[in-house]
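Have a look at the structure below before the remarks.
Residue numbering begins at 1 within each chain, and the chains themselves are lettered A, B, C and D in the order written.
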Amino acid sequence: MINKIISSVEVAVRDIPSGATILVSGFGEAGSPVELLHALVDLGPTDLTIISNNTGSGQAGLAALIANHQVRKVICSFPKTSNSVVFPELYRSGKIELELVPQGTLAERIRCGGAGIPAFYTPASVGTPLEEGKETRIFEGRTYVLEYAIRADYALVKCRKADRYGNLVYNKTARNFGPVMCTAASTTIVQASEIVEAGNLDPESIVTPGIFVNRVVEVRNPLDESILIAENRSYPWQKKQ
Amino acid sequence: MINKIISSVEVAVRDIPSGATILVSGFGEAGSPVELLHALVDLGPTDLTIISNNTGSGQAGLAALIANHQVRKVICSFPKTSNSVVFPELYRSGKIELELVPQGTLAERIRCGGAGIPAFYTPASVGTPLEEGKETRIFEGRTYVLEYAIRADYALVKCRKADRYGNLVYNKTARNFGPVMCTAASTTIVQASEIVEAGNLDPESIVTPGIFVNRVVEVRNPLDESILIAENRSYPWQKKQ
Amino acid sequence: MAEETVKGWDTSTMAAMAASDIPDGSYVNLGIGIPELVASYVPEGRELVYHTENGLLGMGPSPAAGEEDHELINAGKKYVTAIPGASYFHHADSFAMIRGGHIDYCILGAFQVSHNGDIANWSTGEKDAIPAVGGAMDLVAGVKNIYVIMQHCTKTGEPKIVENCTYPLTGKNVVKRIYTNYAIIDVTEKGLYVNKLAPGVTFDFLQKNTGAGLHLK
Amino acid sequence: MAEETVKGWDTSTMAAMAASDIPDGSYVNLGIGIPELVASYVPEGRELVYHTENGLLGMGPSPAAGEEDHELINAGKKYVTAIPGASYFHHADSFAMIRGGHIDYCILGAFQVSHNGDIANWSTGEKDAIPAVGGAMDLVAGVKNIYVIMQHCTKTGEPKIVENCTYPLTGKNVVKRIYTNYAIIDVTEKGLYVNKLAPGVTFDFLQKNTGAGLHLK
């Protein structure tokens, strides 16, 4: 019987080695797999490349991983948010590398990575500094940039419900990058707020079919990044300040 | 108030001119917009280019449109099915043009047409006759073919439920090409078995957001292509044989 | 100088004028800041559908206090609501809407707009700045009509409408109309045309505060 | 000739052998014809998930008579069912699964397979034939393991395993294993290796009926 359910976040991430490339879901403070990221902080691999829309907020979740000096490079579209403090500091001091990618290009590069398409053309960034060094080509009189697929060793994704096959549904705008990231990693690890029986999810409404998912771990009542920021919590946990 | 609901299939298709390029949903006998196609037979535009996975079955629906000599060219992956009779005859007598495209390439070309991507690379068809005349390129040691986006003047699509915004859900494997076709036409016309109030469709489960749809027409109890074939029905309707 | 007393329109009026220029039934993406105000001034009887690039079509107004859902936010990371008829989708689908030309209007803020519709709104190019582009380059490349709402001059009085942008570009030849506190200016193939002047603003005054040549309609 | 009496395995046995070679938990796409039989012979205790390219993962067996749903079919346009845990998706997503290397095994029929794993299974190249490729080229290009099940020879006794395919190709260097009524043959970088012979089939007999050089393991 196929059963992708893993007993804990620790077990789910324990084979992630130093040097790994990891897709991390989330946009702003919604959809980030905070518990999986904290398990990765506990595990301690270093020299990671993280692909995520942002660079984390506050001092928990992705920001904690970066603060813990485990991340060598970030590929993202928007590395600063009103609550991001960790990345800017490391970036300014030259301690972390940044590849800046327009958000739609980032999403499509990841989708292509999952869909077996090595490269595609997009009009985004033409004539801007982000076009520099990239190949361009004219189609029907308009200039486009050639962009390459992104694949990763792992994807860490948060969702709302999952079943033993790895079928997933998400919650509102916390869906964001999750579905495309699930498709583009050698090993996709998902934390779900609830694991349900196979057949419980409506087959017409499953957003991520299980074929894209390798491991599912239930994290009931997951930490809410917005609340962690409001409470100024840092991971590893310290006394509330 | 936004209201994309049209009173009848006749009104929904009446501006489709001769020479138009039209995407038609459906795979085998599931998901074809039979009533919209019959309205197009009644309307009578000619010299059409049809993009669809198949070329119709039996003597109704898409097959009736082809039999009525309204179609100049078909772009498809599988122009013959066990029940297709109309296309093969016209093709053998040189009366209809065919562009044969691998099925996944067809789906992706249409998706790219809707997603603003003019071209992409795929491994499908490399080293085969369908690669001939196409540009190839090597990425990481593997050869890929450059394929171009497909856009059309119209899309004719069948779905299960729709609302006034044009939000759609489909039924099982009748979904097939519908969602990508909705995105790639200047005017997307959809027949839905049921039109429901806005808000009735679960926002997490809408497959085609209304932004991709221009016109929705309710066709309750739509004709079933399988039954039409079994009953040997021809459109325009003749006595049952 | 007398000019210092010229205020022109307030941001609400700018937003209201932009709102009145968007036809009924349009699909609209609103940038962060003044553009967000546009949604509050849609003329009665019109229905616009708001897209937010983080995966929601049919975005509604801010929730009442205490009704915030941490997993229902807009691209500016603010709490929003969803109207009946809304839909959620993933990021690749969301940017297919943008890149594929399905969004009718995008109203953006800007640091600079040039005479030919180039826009710079993502980076001031400062040495120590953290570069962050988000979806801006996709939006200006993909949305059918790019409108800019911004103050006519910087806080230090420098023109923001210029011959050529000095800040890093977001996109080239994309802006169609500019709403400032001083005027509404259309970007055409023949140059910048003044569509409307704010009360107390003369053409000469406007030209003096603009870094590119203006034309009268 | 004595050879005429050699039947080798029947199609059920061929399908059962292929089924036993697919590991538990695999995602599998089955072609039309003999490959469809594979699903009936999966060893007890194993769970395979079937993909059909027209938009269903978790395809179940044929429905009982009278239970057919005209909108629930497979790529061969036959009525099927969906297992609990199945999901529906559109064609672009379905071929993302295929092209992206997410399907573990695809079992196909073929007109010809060459010594280096080229496969021809979509057209016999006849002048009057209607060319129809369907998803075959995407499947052979994208699925991790391409296995072929076919009769060893054509009805007129011609070898179907050949040095070079004479029919139009579906893909190059893609087939990993061939199940015929006479043998199981692995396609390796060093050539065709006989993995198993059917009862009554000798290596010499097999070689005589094969258009490309064979090796013994």
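The rule we apply is simple: a contact is a pair of C-beta atoms (placed from the backbone, for glycine too) under 8 Å apart; a residue touches a chain by one contact, two chains touch by 3 or more.
Please read these numbers as outputs of a predicted model, since none were measured by experiment.
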Study note, to complete from the structure: Shared touch partners for subunit B + subunit D come out as A
**Study point:** Averaged-CA centre spacing for the pair subunit D and subunit C, given as whole angstrom
**Key:** 56
Check your understanding: How many Å are there between the centre of subunit A and the centre of subunit D, using C-alpha atoms for each centre?
Key -> 37
Review point. Measuring from the mean C-alpha position of subunit A to the mean C-alpha position of subunit C, what distance in angstrom results?
Key: 29
Point to revise | Multi-partner residues of subunit A (each touching 2 or more other chains) | key: 108, 111, 115-117, 122-123, 170-172, 204, 207
Practice item. Provide the list of subunit C residues touching at least two other chains, using ranges where the numbers run on. Key: 82, 88-89, 95, 98-99, 141-142
Point to revise | Pairs of chains, among all present, that meet the touch criterion | key: A-B, A-C, A-D, B-C, B-D
Exercise for review: Could you pull out which subunit B residues touch subunit A in their complex?
Suggested key: 108, 112, 115-123, 139-140, 142, 144, 148, 169-172, 202, 204-205, 207
Practice item. Give every residue of subunit B touching subunit D within the complex, in rising order. Key: 27-31, 53, 77-82, 87-88, 91-92, 98, 100-108, 110-111, 122-130, 170-180, 207, 224-227
Exercise for review: Write out the stretch or stretches of subunit C touching subunit A in their complex.
Suggested key: 52-56, 69-74, 77, 82, 88-92, 94-95, 98-99, 118, 123, 128, 130-138, 141-142, 168-172
Review point. Inside the complex, what are the residues of subunit D that reach subunit A?
Key: 24-25, 27, 47, 49, 51, 57-58, 82-89, 93, 95-103, 141-142
Practice item. Could you please specify the touching residues of subunit B with respect to subunit C in the complex? Key: 1-2, 111, 113-117, 163-165, 167, 183, 197-199, 201, 203-204, 206, 209-212
